[in-house]
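In the two complexes that follow, chain A is the common piece, with chain B as its partner first and chain C second.
Our next item is the complex of A and B:
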């Protein structure tokens, strides 16, 4: 079956070869589904069977009930103003952590976006190619890859090692990881810019720094801010995960309440978390609309 | 008709030294000849139109004059006011010597019109002043005046991406006013404009070198300036230029006072040589370039 597939998809003409690739992809996908399911069902330890056990569903129901306050003693935290205030403060901490993280990522990417772009370092947009430019370009690209490749959770684990717990290590971890992402995306925006306006400025007598300042920077800025806002939406979700590692905010409290079996408090934290995510999504969308020039 | 016309010089201004001297400057790109060895002298006060079919060397000549290309014989075969543009670093000296308006105007799309106009001063400003100007615009009044002169004072806070082609050209001309060079070069400046906008645009370009009103500082140097523009429209050339140089196969084909340019001369210059001679050449070229 496989062999005939290869023979059939051998390109005889552009149209026909493409058609065959598509058809055999569908066959291959179907085969993969069958093998994958066979693997799950034949392996006793996959845990898949648990999904169909009554016990599992009873446990899930019990957990949801306790989130809603069943079986807890004392008044529900949902009716205590003090609990709302305390958890609200944690939510603010989480928001502060995300903003601080974007500040770190944004400031770093802003400084690096031009040395990290190939057309700036090789002189296409202004100035002559230089060894220093090439070296800095390489170093910035390695930095982008390194910071991006290591997940924020791992950065947080490392940083909490030598910084006292709180929102600073969390923000630092998120900031470093996102620096790599935002920086690389923005540098690629610069690499795709039309070089003609920059050349016109050069012809008007502008030196390389001035060409970059007037011809490159204003063009890259809107996309840079857009990327930053998109990442903010992601970061506000990740703050909770990073918070698990004693990094403060809603995440830390969430973990503590879970381990104390205070399920109603967990539910309250989830409500705050949802409000926060929705608010940041709306705000980010608004800001992105603002910066979309032309 | 195919005989090469005798080369004649245009109106000579009574200046002993030419402002621009090109001595056997040539440029070869790989196997393509951008420009054959070419001699040309242009005096202050002259407005020279370059005509010729695509690939005849007009753009190469303009880029050599702008210092963007180095002639094959070395930078010294092009001289403007005693200096070789290709020898000068970007900065005050080059900026006040020569400036170029391109066909696409090449404005920075996201930068407000005011800063695009002020960018003409970048060659004159220090780096600190250039940075500061992005926050608190320097010479704001001069930029306003330049935009008022080209008739789009109300667009000062717009972004060039939202302007029409004619308005973008006006911004580019206002930028050139701020730069205020001795020699203004223009590469098909009106090719993308309709006839009415082309007429207005050409008048504004001529104003850059022809009257003191055209300049931000009104420094009384108008009689010292020169304009060199490539274009294809005979009527515009007769109205706005003093001299016309026809290029063909990267050589000077004719060199006439602009008033003597008639359609027969242009027909011959643009003649494709295999039966296309009867086609109205200018209409065809203008449409394609637009």
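Our next item is the complex of A and C:
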């Protein structure tokens, strides 16, 4: 009896194979960490030694003091209403850029919602599976992978080449990258949703747009909006970075003030940045709670 | 339609949709429509860039630059992630509050610490890694270490928050069983929470590694070698063929890490 008990508790072949993927991945990751750190630290210019030099910390202290306004001449930008107003306008532009970016990503993901889901192309949701459907599915998936793999900032570097500076190029760069992320997640939601309503609609003779509207949207939309809100929290943090590349908003001003050593203005811009981040985090959390589709 | 009926109609999803439409309209109104959207000659430039894809620059000299840049990006990503885990795990444990509860109730001092750590994590992740990098470069100068630290801070903030959530959802029965044996909060953590949450913790860490690659690639914006830095150089010299080669390397690197991390996550799905 005892013997069979032990035999039963042994992992089956499948489980053993699964276990190995994990174990070897952890070993490989650990090895990679060691090699990466060795490579970085053995290079003489890693800057690791500087962490333990007093001068480094003095410089850092001096930088923080100048952020707080020490050693600057003239009145602090924090007490000038005009500076608050100007930077506030930039903050609004940054906010607009983030919303526009989410609009681009969301609109793209909605358009590609159906062709990008496997269960639509292979006919699980009703309708005949077609070669074109499979091809379009593959193309959309490749598009998602490419847009996702290339970071916002690289998209922005490419886009500022053709488009004039302003909110649009930044929003476009953020939108393209997030299309890949939101699109992939939403397609996965569509692939996992209950096919019964869509099939019933299809069987009753509903057209494809109607199946989409009544069979897929009501189920997929809450998760879609949740992803959009989550990504908005990330995007508002990244708008500033995209703005570095002449794409307008707080980022451009931040970069300029940094290069002019106007550290007190940098501090003011950071205040606006943090206010935006906190506001979007709160708004997103509130909206996500309201998304439930009854 | 009476106001009351309008109010009852405008709830939940409809209100949200209306809000989204208004927000989009407002953001479009902030765009300066007076100036042309594209540069003069922007279309021609776009065409030139696109045509440079056939073929990308595949000379051995440039490919070796790409390989070195990819390795730099990977090394910085791995170093930044490992530092982020080293910072994020202890902070996440403190933020989860699992140490603040023991068999004889809450420990108020540890409870205060938990709240403080949660604020710290929120502050760390509210600033983008590149903004941290620019601040570090201004404060202590340009070095790979500054870039790694800049990346590790927001990543530790995110990891800490998710680790805390993952520890909190551990099943309560085994924890309660451990507590009744008189185990200290530390022991409950080591033998209860961590083993139970380990698949989730690992899975999220591997998932973040993919984001880490992208972060390391753009970290070169402050002047650290890597794929982003090389893209910037090639763009500045208008060598679009090289840009394409570098983009291909970046996509392959990200897709490879994504594949690895999804393999690991699937192996732990239970």
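The rule is short, and it goes like this: the second predicted complex is superposed on the first by the 241 of 294 C-alpha atoms of A that agree within 3 Å, B and C clash if a C-alpha of one lies under 4 Å from a C-alpha of the other, contacts with A are read in each partner's own complex, and residues count from 1 in each chain.
The criterion applied here is as follows: a contact is a pair of C-beta atoms (placed from the backbone, for glycine too) under 8 Å apart; a residue touches a chain by one contact, two chains touch by 3 or more.
Computed from a predicted model, the values in this text were never measured in an experiment.
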{"item": "First (chain B), second (chain C), both or neither touched by A:134", "value": "neither"}
{"item": "Touching partner for A:290 - first (chain B), second (chain C), both, neither", "value": "second"}
{"item": "Partner chain(s) touched by A:153 [first = chain B, second = chain C, both, neither]", "value": "second"}
{"item": "Contact breadth on chain A, by residue count: chain C or chain B", "value": "C"}
{"item": "Touched partner set for A:206, first chain B, second chain C, both or neither", "value": "first"}
{"item": "Touched partner set for A:196, first chain B, second chain C, both or neither", "value": "first"}
{"item": "Touching partner for A:97 - first (chain B), second (chain C), both, neither", "value": "second"}
{"item": "First, second, both or neither for A:221, with chain B first and chain C second", "value": "both"}
{"item": "Chain A residues contacted in one complex by chain B, in the other by chain C", "value": "221, 293-294"}
{"item": "Residue ranges of chain A touching chain C (in the complex, touch as defined)", "value": "18-19, 21-22, 25-26, 29, 32-33, 35-37, 39-40, 43, 45-48, 50-51, 56, 59-60, 63-64, 92-93, 95-97, 99-100, 103, 145-146, 148-154, 157-158, 161-164, 166-168, 171, 221, 225, 237-238, 240-241, 244, 254-255, 258, 263, 270, 273-274, 277-278, 281, 287, 290-294"}
{"item": "Contact footprint of chain A on chain C as seen in their complex", "value": "12-13, 15-16, 19, 23-24, 26-28, 30-32, 35-39, 42-43, 45-46, 49, 74-76, 78-79, 82, 126-128, 130-131, 134-135, 138-146, 148, 202, 206, 209, 214-215, 217-218, 221, 228, 231-232, 235, 243, 247, 250-251, 254-255, 258, 260, 263-264, 267-268"}
{"item": "Of all residues in chain B, those that touch chain A in their complex", "value": "66, 68, 89-92, 94-96, 99-100, 102, 104-111, 115, 119-120, 122-125, 127, 130-131, 134, 159, 161-162, 175, 179"}
{"item": "Contacting residues of chain A [partner chain B, same complex]", "value": "196-197, 199-210, 213-215, 218-219, 221-222, 293-294"}
